[in-house]
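As written, the chain order gives the labels A, B, C and D, with residue 1 at the start of each chain.
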Amino acid sequence: MGKRGMNRRDFLKLTGAGSLAAAAAGGLGGGLLTPKWVWGATPSVKGPIKVGYQAVLSGTLAGYGEFHKMGAVMAVEEINAKGGIAGQKVEMEFRDSTTKPDEAIKNARYFVDSWGADFLAGIDSSAQALALAPLMPQLDRVIMFTHAATEKVTEDFVFKKGVKQIFRNCMPTYNDGHAAAFIAKDFPAVKWSTVSPKYEYGFTCWKMFQESLKGLKPSAQFIAESFAPFGTTDFRSHINTIMDAKPDGFYSTEWAGECISFVRQAKEAGLFDKVKYAMFPVGAAMDVLEGLGKDMPDNLWISARYFFQYPNSKENNDWVARFRKRWNHYPAYVSETGFSAIYAFKAAVEKAGSKDTKAVIAALEGMDLDCPAGKRHFRKEDHQAMYDVPWGQTVSDPNYPFKVMKNMKVIPAKEYFNRPPFEGPGTSPPFK
Amino acid sequence: MGEPLLSTEKLSNHFGKVCTALDLDLRFEPGVLTSIIGPNGAGKSTLINLLTGHLPVQAGKIRFQGRDITRLPIHERVRMGICRSFQVVNVFPELTVAQNVMIPVLARTGRAWRPIRRLSRETALMQETEAFLEKVSLLPERDTPATALSHGDLRLLEVGVALAAAPTLLFLDEPTAGMNPVERVRLLDNIRQLAREGRSTFVVVEHDMDVVFSLSERIIVLHRGEILCDGTPENVRADAKVREVYLGDDVSDLFRYREE
Amino acid sequence: MKAETRNAVAAGAVLLALCAVPFITGKFTAYLTIRIMLLGIFAVGYNLLLGQTGLLSFGHGAFYAAGAYGLGLFGVHVSTHPLLGVAVGVAAAVLLALLVGYLCVRHTEIYFAMLTLACGMMVFSLVWNAREITGGDDGLIGIVRAPITLFGLADIPIARENHFYFFVLFFFALSVWAAHRIRRSPFGLALAGIRENARRSEFAGVPVRRYRLAAFVLSGAFAGLAGALEALLESNARPFMAHWTHSAEPVLVSLLGGLSSLTGPLVGGAIFVAMREIIQRFTENWMLWFGILLLVIILGFRGGVVGTVSALFRKATAPGEG
Amino acid sequence: MQSYVHVILAGLSSGMFIWLVASGLTLIFGVLGVLNFAHGSFYMLGAYCSFTVLKYLGAGYWAGLLLGPVGVCAAGFVVERFFLRHVYRLALPYQLLLTFAFVLIFDNLVKIVWGGGALSPPTLSFLGGTIPILGRNFPVYNLFIIAVGPAVALLLWALLEKTWYGRIIRASSSDREMAASLGVRVPALFTGVFVFGTWLGALGGGLAVPYVGLLTPGMGETIIIEAFIVAVIGGLGSLKGAFVGALVIGVLSAFGTRFFPAFDMFLIFILMAGVLLLRPQGLFGAAR
């Protein structure tokens, strides 16, 4: 079913037969029509708004779970301080999703079926997002992915299979793959190389980067690639592969702790002296910047799914100041997406006048939401939020214990986001 | 005398420099109750280990009913009819006495491969098992785990499990070691009676001279891995070499006791 | 036989209770019960190898994964009929178990454990790297719970959670019954003999290596069944099913419950799933408290929970009683 | 030529690094017969303790390296004395399960005490920096690790072969009952050996801080599998085997990653399975 997509006949047979038999065997099926599922929900919203949030709180990525939590908890506190959503208090339960898909599924089911969540949010791993996707029609709650970047979840499940409950306010792989090529096309570098994670995310981004750069700059060549398994701590052999090929451009989607180890070891080996143009699409993540601190070499091209200095607007700067006062930390991108996810739920419920899933979906589709990261537009077709993120070169700044960005460049999202129907010519950048 | 039950050609074995068997050529005739005696370290247990496959053969050949079984794995030798009991008790500790004896019966009748059939419904199997239990007079203890048995009963179980494989040639490694006289006599009578029934040929490794001379029709005397003497109890007792090397003085008074 | 009927009544009662779960409890409890039943199938099959035959394998996650990917790939490329899918999954697990088992049963104790661990991790990295076929670390997605079509006559839907619950319950009851009968069968006694004393089993005429391989493949089949059912439950199959940390789960669960009884792994499975969920409701640091719980059970209940509890209740022990 | 030398150097440093972790694991298995899953946790605790001494007590790197592991030895003592001691007589699975429980507990404790985020140690003053070898920089610290490996091996060899204490350890590892009957207080000896093994693991963790340059909860879980593989290939219980095994695996995986891109842990597990099949006792292990 997966590869060919579920054709109409199978889909009807599946759901048609399913509901018929369920109605016939009503006794067997238990409480079929729950009272809540009533057409034309009354305008006033009843009971607290419950959000079930889960992120990685154990193992090597435990830091990300804590950054998610800071953002989300802050949003809930601020909203409740101003009267909650549609007059109702917001309650949030936070769980450790680990990196295993079956744990994420169990938590999601717990939130909805046992705790009575109205909304779900979080999820760091792409595998977890893809595992949750087929479950969403049955749970029938809006889920806002705030980190998992795989484009398959929005392109295949939301657009092609019509799983309307899924939304994502975090930047998908498009920035890491396509936007990087838009930046790279202006460099004199021609012979590109990579050390990227040896799993879907790493392979997909490198492929996108190659396709887009080839489109923008046909002279580009891709002469060396080395993929490092999850959990690699010693990158020296991978670095040797790259330095032996003597490229003039380097691209890597290593992220979190592995990005810190890689940059540190690459700097020691002198990779950045030999290769002038090095790009790290997730190098501007706060844990990487703070982790490397002064050791971060200068003039590396970095980006992230939110950088606290962009946009230089009052709302963003004010939010960053509030965040630092509240948590004594600079906000990571997952803190911003966690924060904005709660506000997205608020905007949707108040616009729809109900917390019923169908109404909220309708309200969220096509919505424009002002967030610290700037304006997010939730695309109607694949429920993916479109917003702009900066690229820039690392430079030291006396005000900060870590490197920040100079020569900031922003590629508008619509220039590099894949477009519906996500298949065939003209659906992936560069667009004519 | 027809095809021997079991024969060896130039069977030898050594652990490093210690030679425990040197070019042994032995023949075991069906129905002849044989004893193997010799001082400690003479190679008695090694010989049994070699013949039953417990120890891989380093040099020489073993033939059983005309077939070369030198390299044959243990369970196939047992299937062909060669089995043994152990000097140190080596049974199934947590299983009951009945279960201990049932396993060889199961394997022999080929019914061990049945995964769904209830054990309790295997009546034929149960009767055969109880018959063997009776032979070693352990029927009353049929449902007690082996760990709960007295030392004497454990020795009986040790022999019972070997018997249950219904071998044509059964090696008993010091079966009566540590038994009290009553149990010993009872076991020896059973062995003598089974030998008389003629289904199994017994070869017994034994230290107790009373048992050796009262039981066996043939005695093999081993010394440093070589056959010192091989014959009827009478010529073994009369043989000067045996007397000098193995029986020595203290035992000679045993003969005095015998002759009175 | 008093004990026999007593067990049969107890089993009947448990089965009735399990049938009532989807009606009297919430959907999440029903889902957790399905997870417990899946882990139960995996562990009760696994205990035929560890508890019954005395072999500690650290690679059975590979057969669990073979069941899941077997069903998944069959469903995606051939037909989504659940029963055929489960059959293909179990067959795939049996074949893989035959191959791995043939290599591993020549060893025992720590070497067998390390060899099975290595084979399991080989399957894990194979599945992880074969991206085109298995979908790599994103997992094989798109597995659908199509209705069971019985010769075109009737369509039994299993898409809905309640219906799928009974689909799993059927296989769970079947597995526990099969494990019970195997433990009580001549084959089960031969395996017990091998556990107790492998050398003496050989001298009883039992071809020990062949029986170990049979027990290995049998437990692999149970693992494949559990894997196939989880693929249907979660609509995906993942490389981590073959990881050694997943292979350690049936070991942990059988030890928790007690190796020497049929119900040990089942009780252990229930504790493992339920306690992790309950602890998570109170604290984020669930690993700390779960670790402490493991310590208490290992040191407190020496023969496992069922072993210790049944010893307390049983006055006159019927030896060999399950 | 340059690439070959650098691949070998990379292989040697990662190999020696795995040896440091595998040495404690192998010693404990050799003497106590216990396969200690929690050894990876002691490695992690060693790294975190050294980091704490380095960062918060302002002490130099060497103080961190010496004081850090000592703290972890206390944890090792508690684990053996009050928990592991009760399961020696039990079957292998119970021992594995007990050490597995400690993996969960220590991973969570580290997160509670030091937080979930990745910690980056300050760069090294002494032994920091790099020196060019054949035109490419190679970290001085890695050369130090390549030297430390054999030094620890020599220390262990000397301790076990030359000292009276070593003789007792070797005696009780070959026959526990005999040693006990000769008056060796085996329980105390086992605690001592376990604590020493823990110290080795923690030392490995301390040395890892500049080498990996990163501390995260659960960092011990990846290295323990590599240490397992090395211990098995070298021969379970044989320190010489673990040393040679670590070298082989280190250089092999460095070559694999550099010259055979399809290379993966898969090949290392094939090697492990191959050794177990053909020579279960490993390269230098005692025949079973």
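Here is the rule we go by: a residue touches a chain if its C-beta (ideal position, glycine included) is under 8 Å from a C-beta of that chain, and two chains touch if they have at least 3 such contacts.
What you are looking at is a predicted structure, and each value in this text was computed from that prediction instead of being measured.
J.: To reach chain D from chain B by way of touching chains, what is the minimum number of steps?
T.: 2
J.: Using CA atom means as chain centres, which chain is nearest the centre of all the protein shown?
T.: Smallest centre-to-centre distance to the global C-alpha mean: chain C.
J.: Taking each chain's centre as the mean position of its Cα atoms, how many Å separate chain A from chain B?
T.: Roughly 75 Å separates the two chain centres.
J.: Can you work out the whole-Å distance between the CA centroids of chain C and chain D?
T.: 33
J.: How far is the middle of chain A from the middle of chain D, if each middle is the mean of its Cα atoms, in Å?
T.: About 37 Å separates the centre of chain A from that of chain D.
J.: Provide the C-alpha centroid distance between chain B and chain C, rounded to the nearest whole angstrom.
T.: Once rounded, the distance between the two centres reads 43 Å.
J.: Multi-chain contacts in chain B: which residues touch at least two other chains?
T.: none
J.: Mark out which residues of chain C touch at least two other chains, giving numbers and ranges.
T.: Residues 287 of chain C each touch two or more of the other chains.
J.: At least two other chains touched by the same residue of chain D: list those residues.
T.: 107-108, 111, 264-265, in rising order.
J.: What pattern do the touching chains form: line, ring, star, complete or other?
T.: Contact map by chain: other.
J.: Which pairs of chains touch each other?
T.: Pairs of chains that touch one another: A-C, A-D, B-C, C-D.
J.: Provide the residue numbers of chain A that touch chain C in the complex, in ascending order.
T.: Residue list for chain A touching chain C: 1-3, 6, 10, 13-15, 17-18, 21-22, 28-30, 57-58, 94-96, 100-102, 105-106, 109-110, 112-114, 126-127, 130-131, 133-135, 138, 150, 152, 199-200, 203, 230.
J.: Can you name the residues of chain D that touch chain C in the complex?
T.: Interface residues on the chain D side: 35, 83, 86-87, 90, 92-94, 96-98, 100-105, 107-109, 111-112, 225, 228-229, 232, 236, 262, 264-266, 269-270, 272-273, 276-277, 280, 288.
J.: Of all residues in chain A, which touch chain D in the complex?
T.: Within the complex, chain A contacts chain D at residues 57-63, 65-66, 198, 225-227, 229, 231, 233-234, 236-238, 240-241, 243-244, 256-257, 260-261, 264-265, 268-270, 287, 290-293, 295.
J.: Can you name the residues of chain C that touch chain B in the complex?
T.: 1, 178, 181-182, 184-190, 192-193, 196-197, 199-208, 211, 218, 318-320
J.: What part of chain C is in contact with chain A in the complex they form?
T.: For this pair, the touching residues of chain C are 22-23, 26-29, 31-32, 35, 75-77, 80, 128, 131, 136-144, 146-147, 155-157, 159-163, 230, 234-236, 238, 240, 277, 280, 284, 286-287.
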